[in-house]
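Take a look at these structures.
One chain, chain A, appears in both complexes that follow, with chain B as partner in the first and chain C in the second.
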Partner chain A sequence: MGRLFAIEIIYRGIFQKTLARNISRAIVLAAHKEGKPGISFGRYGDSPERNGIPAKSFAIVATDDVTLEEGMAKYEPKDVDITICVDDTLAKGVESWAWYGLQPVNKLLKPGGTLIVTSRLEADPIIAMCHRKETPYEMAILKAIPSFSGLWVYKDDHTDVRILGAIAKILPDLFSLKSVQAAITDEWHDAVKVTSAARAYEKLTTVTVKPTQGNPEVPFKFDLPKWHEMGEGIVIPSIPAGHKMEDPGTHATGGYKPDRNPTFKKFSTRTMRPVVDFDTCIKCTLCWLQCPDSCFDVTPEGLYDANMEACCGCGVCEAVCPVPNCVTMVNESSFHDNASQWVAWRKDKTNYKGWVQEKIKGHGERSHGFRYLGQYEEQVPEMLDIATKG
Partner chain B sequence: MAIATVVEQQKGTEETALITGSEAIAVACKLADVDVITAYPIRPYDTVMQYICKLVANGEMDCEYIVAEGEHSQFEIVKHASAAGARVFCGSSGVGWMYAMEALTVTPALRIPMIAMVGNRALDDPGAFGVEHNDALAVRDLGWQLVWVDNAQEALDTALIAYRVAEDRRIFLPCAISCDGAFLTHSQAVVKIPSQEQVNKFLPRYNRGDLLLHPDNPITVAPQGNEDWVMEIRRQNYAAIERSYGVIKEAYAEFEKIFGRSYGNPFFEEYMTSDADIVLMGMGTLSTPVKVAIRKMRDEGKKVGFVRMRWFRPFAAEDLAKCLSRFKAVGVIDRDYSMGSPYNSGVLATEVRTALYCGSGAKPPVLGFIAGLGGREVTVPDVEKITASVQQAAQGKTQPLTQWIGLRE
Partner chain C sequence: MATVVKHDPTQALDPFKSVKKLPLEEYFTSGHRTCQGCESALLMKLMAKAAGPRTIVLGSTGCMYVANTTYYSTSWVVPWMHTQLGSSGSAALGTAAALKVLMRKGKMKNEPINVIAFCGDGGGADMGISGISATLTHPDYNCLILMYDNESYANTDIQLSGSTPWGANTTFSTPGKVKRIMHHRWKKNMAGMMAAGHPECKYVSTISMSYGLHAMNSMRKALAIGGPTFVHSLDPCPKGWDYDPYLSHEIGELAVNTGVWPLYEIENGVLRLTGRTQQIAAGKIRRQPVRDYLTKQGRFAHFTADDTDYFQSKIDEMWTKWLYPGVIPFRKEIEADSAPAE
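Entry: the complex of A and B
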């Protein structure tokens, strides 16, 4: 048996699909320069054509064909040398369209493996978002926005080749910087991109993440039923209608909280979530009416509390709310739990006001795409500058 | 019966009528008080829809009768009606049945006890009307129960039995009743019509229970599922069709008790087999020339018998292997083809070989014969020719494993 190398790329459909594919292709091509066979593929059960849906690509490389075959004799790799996460909000976990619960972003990493995250944040807040892992691993932050590199309407920001340069540094047995640069020249015929790969190689630093660091929460998972435990005829009983809500202070009941599927929850599909200022809400019902996923729980006093186990982060509620700054979409990296905002508001309104101000200030950042007109023109040249100068 | 000719009045309420196989099934639908029927014309199936239409128009039958714009919709409509608790009937022939294929595949997956009549017809091209069994056989792997009948009385009785079996909560799988085009669908015979009281006693109301699609029972039917769910769903359907074997037996026993007519072994009919050296096999109306030929050959001292398969799904493999192990050779006449299959035999011959291979008893040689395609007549001399070859095989002489009979060559 020779040596097997496995790398996964975690991305969001559909705009990062080409980026992920370009990275996994180039990994195989660079390894090929050194005579190592490899295969690049996407996880078939994912739905990478859906906007924002977490998905995976893999590059499997080996020192010989027989070893490669051993590595490919499974649906997807069970452990990887490197995990690449090209959208930092996915540090919270991977919620595939082919729902298996929430998979921690570092789940497949071998002990001592490296998690590369493209982000404008520092390592610490990213580590806080990742679930804890029993064995230590390395984390490398590549300063970048969640890139759409490779998408034809998107100006290239070199995220793809920077990641390739970083891989050459982390896993020199897989391929050298020279091989990566040769593969980049073959694929892109672009000398500047070759330079960007070298910059990433030179500048890369990693930090060790200890088992005591990270989100201590046990990621949500569920057991699949046996065939004779399942209902027949592909029939699923409906979720019960719902019930009244209870005020945490007065214990008064009222309003309406729909019951939701206890198994199929929403997690990292969302890149942003609504922050609601209950003090300015005029109870117009529009957010409740327009939300595509029936996320809003109606409180006893007739306010609308977005439930974060149902929200997909579409932003419709923000768009329809007639009151300025009453509903503001905020990047997921600003939150560490799915707790009810209304409960927090009922407990301490002054404190809540401060919390809202803190969340919406400067965090109106979308991870997947652009938040306002002109943001693209601002950010892409900045990214390109970081890439070429390092 | 306002339309059928009542030829004689039998003890009490049982009447007789001179009707075709298709009309016999229409009468069964009336007696079963079917709720929703969909239609789209194609020969020879259209004979059943025309007759039901008459029964409705004459006020003898009360049902929703919907003429769809094509076979796909025809089968989809009854699928949905059945999910909502209606007893349904549907049917088609040849390429019409194939046009409905997508609906036919989802019907067993959703555990819909739809009863369909297939007026067996050759698949296009060249657009022949005559019988071939490939249309109905196209669903053999999907969870459909499949039965072939060879006379109008059996058609009526089997339709009633099919409702009882399909709608049994242990089963909830569709059932197609195959009737050979022309020979059965277009020829009239005297049929005993059971009384409504007897039928009511035999056939309980369809109760979809927890799977009922109704506002009082809110459910989701057929959500998308991935590889985490598919095997379990298929396994459930295996369990249902496995149970079907026993439920069919129960239904025939109960049928005999209530209607006084026995079919013996429900799964296959044995004709002059008790002392036979060799047997022929087949499905549907080719039983007529085969039985005539056997009687002729018996007069000549040849010990030939016949085994006519009724239920093709579920396939009573163990029973059949046990039965066939008594003979020195078996000749299977297929009114179908299976291009490129093992030894290029027909579908039935291949299944019979499989049943025998895994059976515990003796394994006589099985010769396959392709005959009567597109409605071509299977003649008595054809059967004699087949028998001669099977006799050779019984004596240990090598014979071709598949032979085309009645072909211009």
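Entry: the complex of A and C
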């Protein structure tokens, strides 16, 4: 029996669909240059993809056909040599829209395997976001602005080929840099992309993540119903009506908190979250009314508290808010919990004000796809600069 | 001749006075698996809020079925049932008829219950149009058919539908190097068609989620007026229209303000332009150029200046040449049509 190589690409649905496909396809094409057969495929359960919801794509390569067939017989690989995470906020976990609960980003990594993350951050804050793993693994940060585009217009900022260069460095048994460069030339006919892959190969460094490092929390999970608990036909209980909220200080009740789907939480669908300045809120209702995810709880005094069990980070609340800096979308990597902002504000308003200012200051704005014609052309040079410098 | 139509009383659903007077309760809540910034999910939320707790919702296949009731979980608070892709009309009629007969026979409490069947543009304007049409000719049953139009088969990754606008990029109309415009059909005029073709239907309207209060009051009117009614919502779709989800609200406004999506209602046969559309028609505000709408969406990124001009000319035609501007394309004389060269 020969050797089987498995690589998974964890990406944001739709935003990075083309990117993930480009990477996983090119992995197989590069391996093919060395006579290794392989297959690239998206995870069935992620289709049809939704904007932002984590999804996976796999590249399976083997040294011979029989080994490949054995590897392909699985719905998805049980373990992988490399996990590629093309958005750093996915380090918090993967909550697929298929029914898995929240899975740690490093779950499928073999002991000693490598997690490649594209990010502007250093390794430490990303390690802190990843759940702890019993066995040590390597982490490689590919300096990059996480590349988001949409279904029709692709942002060609070389993220795809830079990751291929990084793989050649980490797993030389799979393919050499030379094979990667040959595959890139065949696929894109672009000498600059070939150079970008070589730069990533040269500059890549990894750090070892020990079992004592990372987020110690148990990932969100739930029990699947037993077959005898399922209703006749496909009848499922509806969500109960919601209830009033209680003020943590005065214990006054009022407002409204809807009950929510208990199994799908959107904890890892968002790349940003709204930070609300309750002192400047004019209670216009627009964030609450226009939120497609009903994520705002209405507090007893009529404020709107974005509940992090339901927010998927679309940013509509910020877009409709008429007060400057009252609702600001802040990069998800700046937060370590999903606690209520309103409770924090009720406990200590001065402290909260400082917290809001700090979060807003470094809010790390990011682009979630197409905003206007010509936007990607403006963004690519900055990325190519990073690609050149490594 | 005395009327033979006997529909049961409906719920008294007065218009909401302002956004500050809205009920806080949600009957379609969080935890659905839609995209970030999904305007159709917002439509479901506001529709349920407008209708209230005594409501039955039926959903034909599409995003709002697959995303909201998947893997043994849901975000519906009110009762909901799936129906086949083309059968929103029959499901609405059947449910309304069943309620009527169960109440008449005393098998359930006699009370007005809202029946709403929703369908996407694929399920409604394409596949379900005959069933919807049949339902709108049955005046004795109280039900609302709500079409959420994201201008494609969005659930299955954006194939073009009869509602897809001219030139848009979809899985079935990807622009190539040789041919740029792969979709030459104009959007089906569903609301106008339903109103013109069903004289007994008491209420047809068009809405947009960017004008939430207006939309909710329109749906409340549709539920309270009695008999079968039809409401058509244009829902910007970040996935299929290819834009940053934070723009969802703005793109909905642009659709109305550029005149691409006229808001109107036809109540007991009387046509009334509503909201911003009314202000545009009255000359109080200017129609924005469609360029503002098109250049914010990746599905039109392949458009040349000629394509944009052509799109504008067709919208202008809708406003200036149609006998009922923006509503029904009857004209006084034949117009020349010259699409841009490929």
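Just so it is clear, the second predicted complex is superposed on the first by the 363 of 390 C-alpha atoms of A that agree within 3 Å, B and C clash if a C-alpha of one lies under 4 Å from a C-alpha of the other, contacts with A are read in each partner's own complex, and residues count from 1 in each chain.
The rule is short, and it goes like this: a residue touches a chain if its C-beta (ideal position, glycine included) is under 8 Å from a C-beta of that chain, and two chains touch if they have at least 3 such contacts.
This is a predicted model, so every value here is computed, not measured.
Colleague: Is A:350 in contact with chain B, with chain C, with both, or with neither (first, second, both, neither)?
Modeller: neither
Colleague: See if chain A has more residues touched by chain B or by chain C, and give me that chain.
Modeller: If we count touched residues of chain A for both partners, the winner is C.
Colleague: For A:260, select first, second, both or neither according to whether it touches chain B, chain C, the two together, or no partner.
Modeller: Touch partner of A:260: chain C, not chain B.
Colleague: Taking the superposition as given, does A:98 touch the first partner, chain B, the second, chain C, both, or neither?
Modeller: A:98 sits against chain B and chain C alike.
Colleague: Taking the superposition as given, does A:212 touch the first partner, chain B, the second, chain C, both, or neither?
Modeller: Touch partners of A:212: none, neither chain B nor chain C.
Colleague: Is A:292 touching the first partner chain B, the second partner chain C, both, or neither of them?
Modeller: second
Colleague: Have a look at where A:225 lands relative to chain B and chain C in the superposition and call it first, second, both or neither.
Modeller: Both partners.
Colleague: Name the contact category of A:238: first (chain B only), second (chain C only), both, or neither.
Modeller: A:238 contacts both chain B and chain C.
Colleague: Does the superposition put A:310 against chain B (first), chain C (second), both, or neither?
Modeller: A:310 contacts chain C only, not chain B.
Colleague: Identify the residues of chain A that lie in both the chain B contact region and the chain C contact region.
Modeller: 98, 225, 230, 236, 238
Colleague: Where on chain C does chain A make contact in their complex?
Modeller: Contacts found on chain C: 19-20, 22, 24-26, 28-39, 41-42, 45-46, 53, 66-67, 69-80, 155-158, 169, 174, 209, 212, 238-240, 242-250, 295-299, 301.
Colleague: So in the complex, the part of chain B that touches chain A is made up of which residues?
Modeller: 109-112, 172, 210-211, 218-223, 225-229, 231-233, 235-236, 239-240
Colleague: Which residues, counting only chain A, touch chain B once they are in their complex?
Modeller: 45, 98, 100, 224-228, 230-238
Colleague: Which of the residues in chain A end up touching chain C in this complex?
Modeller: 13-14, 47-53, 97-99, 149-153, 225, 230, 236, 238-242, 255-256, 258-266, 269-270, 283-286, 289-295, 298, 307, 309-310, 312-316, 318-320, 329, 367-373
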